[in-house]
């Protein structure tokens, strides 16, 4: 069973990629399993300067999901280039570098530098982080702003640029089309939905930040719908994510039109989830009558209705 | 413990209201318990003519929620006025009539007629149904369109008009402000989020309609966030809903700023959920140190941070 | 009295491949008095399975305050159900819907009960009741293959039983309609439950010839007629629908569009 | 070897009001060899409780391949945990984090172990190990009220024990710091675990006077340092943070901002 996937800039041995912010820079999981097994890693969002992120509590549990408001804590692009990426280069692993910022200039600067690093094979433009006051999601909710940013980053990036879409929009297809037109090489979707939880004992919001991003199985039907709709309207590839917990969920994403998938929250539930899915995927594809993973991608769009 | 709530047009003995589409016109639940115990009933969406709705399957289960694509099946405004509302008038129950349509004229026509019926104490403008091809959600995703519709309905309605907001928007606060300005007497929020589920055995979408509306506990954090944000920016009252499963959930909605709540999906899980919550609510409020339900409404906005 | 009860599991065992028989006991059994009704089961508190699962009542024993359900493992819900142990309780909402009208057949007439797969289940209580009235009961039970066969002996207490398997691995080779025709079974009223294709075939075949009743299935949410999830069209009236959970699940032959 | 295992419950019983002691056995016990580390528990498959729950390791018994956890019923997760029966398994991820460095104290020195409420738990293995090295161990256990008190006797095997209750219902009336001062307890190294206010008080009091180690808590997701949920500021460096799950949960006195 072939489970290799070819995407702009990315030759993936398999389509399983830990999602940005849920896998750090791989160091912690490398203590648990051989991370070279992964298709790729979407590393933690990188900004120009180091960022401290939001006050704690930063996470809260919800029914079928969780809220997070980490707030883009990261050591800044220089440190990541001097320390984290070289460490990752010991593995035969194409890296997808998640880029964040609070101005077009910051995105451009960070993407430019990251894209020159050897093992960085693609940039993931995070225009959808709901957890920072300025920037982040603001870039992902307006077609023109998103397109402008994409263009600017495309101009400087030495590697393909994937734009990570926010689900907190009226019409995600329009945003997808806008960034495609602006030159995006691919899409990753979706980022988290904005949510809130209140502590009944105190009446206060559980997260210090007030709101946070909702991830986990609760959001899967929303993500599947969005990917399905975007797949029909754009021709650049999609890396799908949102609530994947097992190999069947991966199959659902492939059917909807994702060429590869990101695994986020599930890493916290079962730290071995990625290698487990990688192992199971060929069998599950076979069970469903596929000979090549390619035949499963977009299957729902081709299957005959009776 | 006082749990009475006064809202425009509605003197509620308690804030517990079965949500539209999840309780029919009350007949089925009346066989199970004394529906006069309820604060009110939001009856099934009414259109000008009878509607057959979508093909089946119309429901699918998701993690922490469900998808529905009923498609506004209803017997039309005349039948509802001649048969369902008179039947409901045997109970001492203010009715909230959910109005849908595919044109401004249809909404206006339906609202006008329904609002003259004695036991209809408020109109709920459903500008957020994701399950019909034309109309429905289209009215709820654009400020101008929503405001225009609200104005038009306000002009003809003999009772206060509540606008039911769609969560499938970039900025729900803007829509809320727009309909407030257009004369809405209150808001109900939220309607369902658009989702999809794929059957892995066949590759087909589970719902015949393709997409459906996601309801249930999965969406509660999204709804709480939206109500919290809207409460801060508008001064008309909010009836909150989305994933309420128990009395604690009701409290969370009150804290976020809802003055009353709608219970939807939970009626399917436990048909006795509404009377159970009504019974428990005074004790839960008391446990949390409240003397009157009013003190719990919007509590999160007043509680001191330390 | 509430229509909902935590009923206690008395027995729960596999009676054919992936087919389980569960015996439940509780006070609400006294409300259950019609063959072909169903219950809506809250299988677990896990929120990944939020909806109830509709399962037909297979047998009612008022004296023992027991009912039997027969279910096939299909997905996560029935899988969890199969692992439940005697002594545990499960939350049962029911009886719901309208079953087979018992007095739809006269005392001297012959009933033909046609069950396909798991659809055999709701016919069992009917067989019992009809035979109690000394009505002649013929049962035709259709299965995919030999390992699926169940309740052949049980039905035989109440009359002649014919078993068909699609792959011919047990008894008659073919579907239930093939069997009825090939054996030229005579009857006055037909009662069916099973896959939609089977029900459609029965409906088309006998709509103008016989009296009959068919039990339908559709994905449900409320199970009581409130949500309109489970509708189907009335026959010849493309604008009117019935709710399978409320007006059904059992409908007259020719009453609805299958 | 995977750091995750379905461990078997040997015992699970209430030892004080809403406080439970759970004994677990499994192969991964051999990886657990440091007082003050924690495990991250998948309490149930119910998706309404998706995150693991961090609980400190209270005692390690390599011979029996057992560990003990002590937990207080707080919300839904610990409530479910309390209902688990011996023989059942639960999925345990760990050991995680850095515990109390055992050799942070010299053989002739005196250790003061200060536990507040459920924070008493991780100090127990430490008490055992220190006393095995013949180090003099003094324990101060603080609780809200008499019914909360646990492990007084257990700690007394390893040295003198002082119990304080905030409401004075049992032994000393006041908090742990009041007790230490009032009894003028002498020591060289202080080890603390408990509510943040208690840890802050200890930190402020002894930061310039004593060596010491404090175990912190924060809401967690991954438990291994990958998600940055559980950070806290390094002392005097408002731009640098540590992860409680990874660099901690035990930090040196004065190392972090409490």
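Read from first to last, the chains carry the letters A, B, C and D; within each, the first residue is number 1.
We adopt the following convention: contacts are C-beta pairs under 8 Å (C-beta built on N, C-alpha and C of every residue); 3 or more make two chains touch, one makes a residue touch a chain.
All values reported here derive from a predicted model rather than from experimental measurement.
A.B. asks: Based on CA centres, what chain would you say lies at the far end from chain D?
C.D. replies: Measuring from the centre of chain D, the most distant chain centre belongs to C.
A.B. asks: Applying the document's contact definition, name the chain pair with more C-beta pairs in contact, B-D or B-C.
C.D. replies: B-C
A.B. asks: With centres defined as the mean C-alpha position, give me the chain A-chain B separation in Å.
C.D. replies: 33
A.B. asks: Need the CA-centroid distance for the pair chain B / chain D, whole Å please.
C.D. replies: Here the centre of chain D sits 47 Å away from the centre of chain B.
A.B. asks: Rounded to the nearest whole Å, what is the centre-to-centre distance of chain C and chain D, using the mean of the C-alpha atoms as each centre?
C.D. replies: One centre to the other, that is 56 Å.
A.B. asks: Round to the nearest whole Å and give the separation of the Cα centres of chain B and chain C.
C.D. replies: 36
A.B. asks: Give the residues of chain C touching no fewer than two other chains, as numbers and ranges.
C.D. replies: 47-48
A.B. asks: Two-or-more-chain contact residues of chain B, please, as numbers and ranges.
C.D. replies: Chain B, residues with two or more chain partners: 63-65, 217.
A.B. asks: Among line, ring, star, complete and other, which best matches the way these chains touch?
C.D. replies: complete
A.B. asks: Which residues of chain D touch chain C in the complex?
C.D. replies: Residues 44-48.
A.B. asks: Which bits of chain C are touching chain A when the two form their complex?
C.D. replies: By the definition above, chain C touches chain A via 47-48.
A.B. asks: Quick one: which bits of chain B touch chain A in the complex? Just the residue numbers, please.
C.D. replies: My answer: residues 62-65, 67, 141, 168-171, 193-198, 200-205, 211, 214, 217-222, 224-225, 228, 243, 248, 251-252, 255-256, 288, 299-300, 303, 305.
A.B. asks: Per the contact definition, I'd like the list of chain A residues that touch chain D in the complex.
C.D. replies: Residues 21-24, 27-29, 31-32, 44, 50, 52-53, 56-61, 63-66, 68, 70, 73, 216-217, 265, 267-272.
A.B. asks: With touch defined as at the start, can you tell me which chain C residues reach chain B in the complex?
C.D. replies: 2-4, 42, 47-52, 93, 218-232, 238-239, 241, 246
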